[in-house]
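The structure's right below; bear with me while I get my questions together.
Naming follows writing order (A, B, C and D), and every chain is counted from residue 1.
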Amino acid sequence: ANKRIALVVKNLGNTYFDACRDGANEAAKQLGGMEIIYTAPTKPTAEDQIAVLDSLIAQKVDGLIIAADDANALVPVGKKAMQRGIKVISFDSAVATGGRLMHLSASSTPMIGAKQVQMIAKTLKGEGEVAILSAASTMTNQNSWIAAMKEEWKKPEYAKMPLVATVYGDDQDDKSYREMQALVKAHPNLKGVISPTTIGIRAGAKAIMDGGLIGKVYITGLGLPSEMKDAVEKGACDSFAIWNPVDYGYAATMIMADILGGASAKPGTSVKMGRLGETKIGDDGEAVMGEPFTFDKSNVEKFAKIF
Amino acid sequence: MPSDPVLTLAGISKSFPGVRALSDVGFSLYPGQVTALIGENGAGKSTIVKTLTGIYLPDEGSLTVGQEAKHFSSPRDAWAAGIAAIHQETVMFDELTVAENIFTGHMPGGTLIDWAEARRRTAALLKRIDADFKPETKLKRLSVAQQHMVEIARALSHEAKVIIMDEPTAALSSHEIQELFRIVDQLKAEGHAILFISHKFDEIFRVSDRWVCLRDGEKVGEGLTRDVREPDLVRLMVGRPVDQIFPKRALTIGETVLEVEGLSNATEFEDIGFTLRRREILGFYGLVGAGRSEVMQCLFGMSRPTRGRVTLEGRPFVAKAPADAIAAGIAYVPEDRQHQGAVLPLGIRENTTLASLGAHVRYGFLSRNSERAATRMLGTRLAVKAAHWEQRLGELSGGNQQKVVIAKWLATKPKVVILDEPTKGIDVGSKAAVHDFIGELAEDGLAVILVSSELPEVMGLADRIIVMHEGQMVTAVTRGGPGWSAEAIVAAATGADHQAVAA
Amino acid sequence: MKRLATYREIILAAIIAVMVIGISIVAPAFGTRDTFVAVLNDTAFLFMMALAQMIVILTRGIDLSVAANLALTGMLTAMVAEHHPDLPIIVFVVLSTVIGLGLGLINGGLVAALQIPPIVVTLGTLAVFRGMIVVIGGGAQVDGANMGANFQLLPKLTVFGLSSIFWIAVLIAVACWLFLTRTRPGRGLYAVGCNPVAARYCGIDLGRQQLIAYAISGAVAGLSGYLWVARYGVAYVEIATGYELTVIAACVIGGVSIGGGVGSVAGTLLGALFIGLIVNALPVMQVSPFWQMAISGAVILLAVIINARAEARPDKLILPRARREAARVGA
Amino acid sequence: MREAPIMTDLALRPSQPAAAPQPKPRYTVADRAPRRLSDFLLRWETILVILLAAVIIGNTLLSPYFLDLYNLADTTYNFSEKAIIALGMALLILVREIDLSIAAIMALAALAIGSLAAHGVAPPLLILAGLGVGLLCGAVNGLLVTRTGVPSIVITIGTMSLFRGIAQVTLGDQALTTYPDSYLALGQSYFITMPPTPLSFLIFLVLAIVFGVVLHGTAIGRQLFAIGANPVAARFAGIRVDRLRFALFTLSGLLAGLAAVLLTARIGVVRPNIALGWELDVVTMVVLGGVAISGGVGTILGVVLAVFVLGLATFGLSLMNVPGIVINVLLGLLLILSIAAPIVIRRFFGRF
């Protein structure tokens, strides 16, 4: 029979995760004999995600690929799945150790953090106040990226580019938009904003464009080319980064296939990612897919058609 | 008959689940005449009113207005046909103004409401019924009697040919009742046909030209008022003769139970003081709005006095809530049945035992059997008419609801019972039963306070009467003593005799 | 006829004035004309949605599905724009209003014809409407870039610096005011909310009034859906989740009685402005993001309670004036 | 005093002639309502039983994984905590109140549990802390509602932000993740192994029985119905309306605290957004259970049945991998249709 692999993401109707699903399907097609179940909880909370996972465990699927809404809360249910012989890995946003075999990061956390600080430094030529516009204060990956940014910020070349505020738009367009407006008001000398969330960056860019702030304030962060094309062309955003989510879904599925095929996924071993090669699992059970990709005027048009 | 009828009902029947409220009823109304519709509680009077005003659709039968057969599916149809009514239940909008209360449903004006016109017409209507409040006043600021005036004004506002009044005097005191009669006479003179429902025979004989009697949903007779006498009508209604007034029982009054001294509230009443003894019935008389209910509700723990002292059986008594008063043995039958008395969605049994649940607890649980027994006993005693004891109170006729409310309070086995307009809307036969019951309770050692706007009732039952006016006690008279006359009491109540006294 | 403002509304206006002054002292950046313009622009949605909600609450109802309606209509309109980016703006305005109206009529139909409690109906349609976004569009998001410039033009138009959304809210407010104070169906809403039985005895059809109320609520939510998507430049499943409670909170602060029959346009607008001020001021005052929720909760509670105090029912005035004790007559 | 209670005397004296002979009424009043099949069939609980049977049969036919003891036991985890709160909410809605702050109370109670656990406090104290915080928050709601006279929907929309806001202030972007194993075992292993029964489900069943008995069998229960049907008349009838209201809000808070204890044990982590949005889920359970929002009508049996209908329907649909949001569409339709159906049936086949 077909191997059934569930791709459990944070929420439906999200372009980013839909692109991941396309990658997973691509991998399944390439491998054959594999069925992808793409699903997500109604609300992006751990409790709802656990209910979804419970039903997948009940169906005795073969593998679970999870983008966790809460790292720790999914550990018990991940354990339960593994006890029942289901292979569990996480991607995008990790399940804590113990609840999964391994985690595939799109890119390493320090790399993502550093990248965003570097991008804004390049745009501002290293001078001017900068703020962070994040998603909800509870989101694990956002928080760890922010921590990584602050680490990068300690370097002397950013001395003239202070971080003045961190605000949260809760991944809602209206709140993010309002927070962006408030940032500009509260910090008249603000020059740059980093938004490590696709919703935050697009709402922030919109606020810049609508508020006549182009050229005064720049935004960067993690965004999708299809959503950011306009902002880049109008000059609200100089450059932004993201990994290719299609590749990301593809890689996670390939790794799952490898594990189902017998790979141990123990720290120190390597797993196969199909056309993307191999990746080595670190001591913390995490592996990295690659580097984030930077988009600017030169290439955004091309990728906007893909994701 | 003097002229052609304006309205004729023929063969009207209406059933509710389990009850045939009307069967094959037919009669006519004539211009310039007042027809009294009489019958016991639950006979079907209000049901007739509702069929005539398009609120209920009759199951069978026909309505003819003038020469035309009509079919009412909404109150608007009835208005259009020239029929307007004052209903038994208060149907008013607390938060809206007097003008809006009168014109809701038929506002003057075109696309936009013509407020100036509405106000002008309201003012004219209020003037016509001699009411002294303003069209812009919010209804909730008016007294019960004034609200009633608004309902009357609303019925008049339709310029209807037929005006129906379902127990219009129940909430009024003698002064306002005279006022109402004046209006009725005036309408009659203008050629309106009036259907008048009341349980009070003096009123029926005062205003009506003709009568129609219902019993158990059937018409059992009709005729000219001048041709009948009261006992005949009563016999028709009830199916047998009834002693309407029980002789007052001669009781020896016992020791003091309740003593009230200098009870005051900042705006409602002042310096109320009296003593109440076992086996005594103490009447409180006054015009509607004199503040009697507020005094009683204060004693009952619904509000806190600013000054004054209450002693119950020799001990100081403070009620912070009705529950305290009930625990101490005081029961209060509230005047506002719809809001304060009846729990309409619950059944008769549940209503009857609500204030005395403790008596039906066995091993921690409520005993349905015990509740049923009590309900059956009290319900039968007060002649409640219903299909079964589990029937929802909302499905009973107004008078029967009132009986259940009284039963609820009598079931608490009180030492002192305060009855606030207890027989409002109750028919003659049942009223006698209630009066007899009150007398019997007194005989058994209970102390009774009877608040009533019906002078014959107070004078017939009470040993002493305290008269209130504008929140103050104006006089107190003892049965057989000086001042024990209807004229003197009414004069005191209207404030003619301005001399506050202590009882 | 109607006084322009009740006692309660004056109190609320005073609270708002004190708040504005207070905030401007703490955060001088707030006390500028720009900020007020931004607050009004940002609160425009709340103004219109709260007015529509008030109309429903007047009939003793509640419409919990407004945010879901907004999201669904926004999505459908955006999908149309995706395929026909060159349609004139008016088409989108009409289209979204009509879609919203249709959704509102579903609520109204269920409430009016079957007399199912409104909270049940709209709790159900809240889930259904939002879910339909996924069912219809497959859940895919529509990006601003694909909607076309025309579609997104309206919110950018300004008059006196205020966005067209604000002016639309003003139009809706005036229309509501006229409707509620000058027309028969408008007054009928108050009547059925105040006392449904009495309204029936006055020949006012409860069902018809409910249908009108939910239709208005739906139409306004639908129009807001288009404006929302046009303003924020994206349509997806989760826009405006939970917004219904904000809308209801605005009504309640504005003195609309959940029990029906009481509420005014002025009060509701003030209620919405109150919330709009808080959510806009807290970030500008640089209050820690973690504190914002607690503070807005506390402030809302406070406003509601002060307001209730102001409206507390006085004792009856039965004693002749001269004999009333001075102490408690103040109320 | 000297005599026995007065009414008892009267009650025992029907045959004794009164001053005037008491005429027999012309009609007899039956003790009970006539029983009609249509009334029984259109009873809300009957409809829910039919619905539940349909859900179980449908799911069994459509998914081979449904009728599996362990799967069923596992799925009770996902609704038992909400169901426990629904019992308290049912009583509140019965008396025309509502508590929208329950999920926020859970956040605050979970916060207390989490921070104490981080300091190594023993499980019994953790449980007490959760219950205590819940109780306290409920009491705050109760106090505000009874003292200010502001409708509870308004008060609890306010406390909803306030309570969760406090959790957010205290916790910021942190999560509390250390708990004693014996505490986690409460939520992560079966309390009874055969048949497999999670603790939360067992507590729900026991509480449902207690609530049912109290509501339908005792004087307090009757008083709640009366308050729901007419609060003013209830107060006049000597019912301590505000005291009971206060007690119900406190109880609702306590149950939310209990749910927080169970949920934290189950997921082993506390964040400020824990249980986000549960209030509407709980209200849905209660409303589908047939408790009338207008007060005075409802049964605990109905609520229990509704909990099972919703829980099992959700589980069945997710076994077929229907996305959660689409499940919500179906449940929303179910809610409306199941309430509309009897009304429509009555209208077409009834006498009016």
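Keep this in mind: contacts are C-beta pairs under 8 Å (C-beta built on N, C-alpha and C of every residue); 3 or more make two chains touch, one makes a residue touch a chain.
Molecules present, by chain and UniProt name: B = Sugar ABC transporter ATP-binding protein; C = Autoinducer 2 import system permease protein LsrC; D = Autoinducer 2 import system permease protein LsrD.
Just so you know, these numbers come straight off a predicted model, no measurement behind them.
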| item | value |
| --- | --- |
| Comparison of A-D and B-D (more C-beta pairs in contact) | B-D |
| Remotest chain, chain C as reference, centres from CA atoms | B |
| Distance between the centres, which are taken as Cα means, of chain D and chain A, whole angstrom | 39 |
| Whole-Å separation of chain centres (CA-atom averages), chain A against chain B | 73 |
| Geometric centre distance via CA averages, chain C-chain B, whole Å | 43 |
| For chain A, residues that touch 2 or more chains besides their own | 12, 137 |
| Sequence positions of chain D contacting 2 or more other chains | 168, 172-173, 277, 323, 325, 328 |
| For chain C, residues contacting two or more additional chains | 133-134, 139, 237, 290 |
| Pairs of chains, among all present, that meet the touch criterion | A-C, A-D, B-C, B-D, C-D |
| Contact set on chain D toward chain B in their complex | 3, 5-11, 14, 18-20, 22-23, 25-27, 29-34, 213, 217-219, 221-223, 225-226, 229-230, 232-240, 296-297, 351 |
| Footprint of chain B on chain C - complex, ascending | 1, 178, 182-184, 187-188, 190-191, 194-195, 197-205, 261-262, 314-320, 323-325, 327-329 |
| In the complex, chain B residues that touch chain C | 53-55, 74-76, 79, 87, 89-96, 100, 104-107, 111-113, 115, 119, 136, 264-270, 289-291, 294, 303, 306, 470-472 |
| Chain D-touching residues of chain C, taken from the complex the two chains share | 64, 110, 114-117, 119-121, 123-128, 130-135, 139, 237, 242, 245, 248-249, 252, 257-259, 288, 290-298, 300-301, 304-305, 308-309, 312 |
| Residues on chain B engaged by chain D in the complex (per definition of touch) | 17-18, 216, 239-240, 242-243, 246-247, 249, 300, 302, 321-323, 325-327, 332, 334, 339-346, 350, 353-355, 357-358, 360-361, 364-366, 372-374, 376-377, 379-381, 383-391, 408, 410-414, 429, 432-433, 436, 439-441, 444-446 |
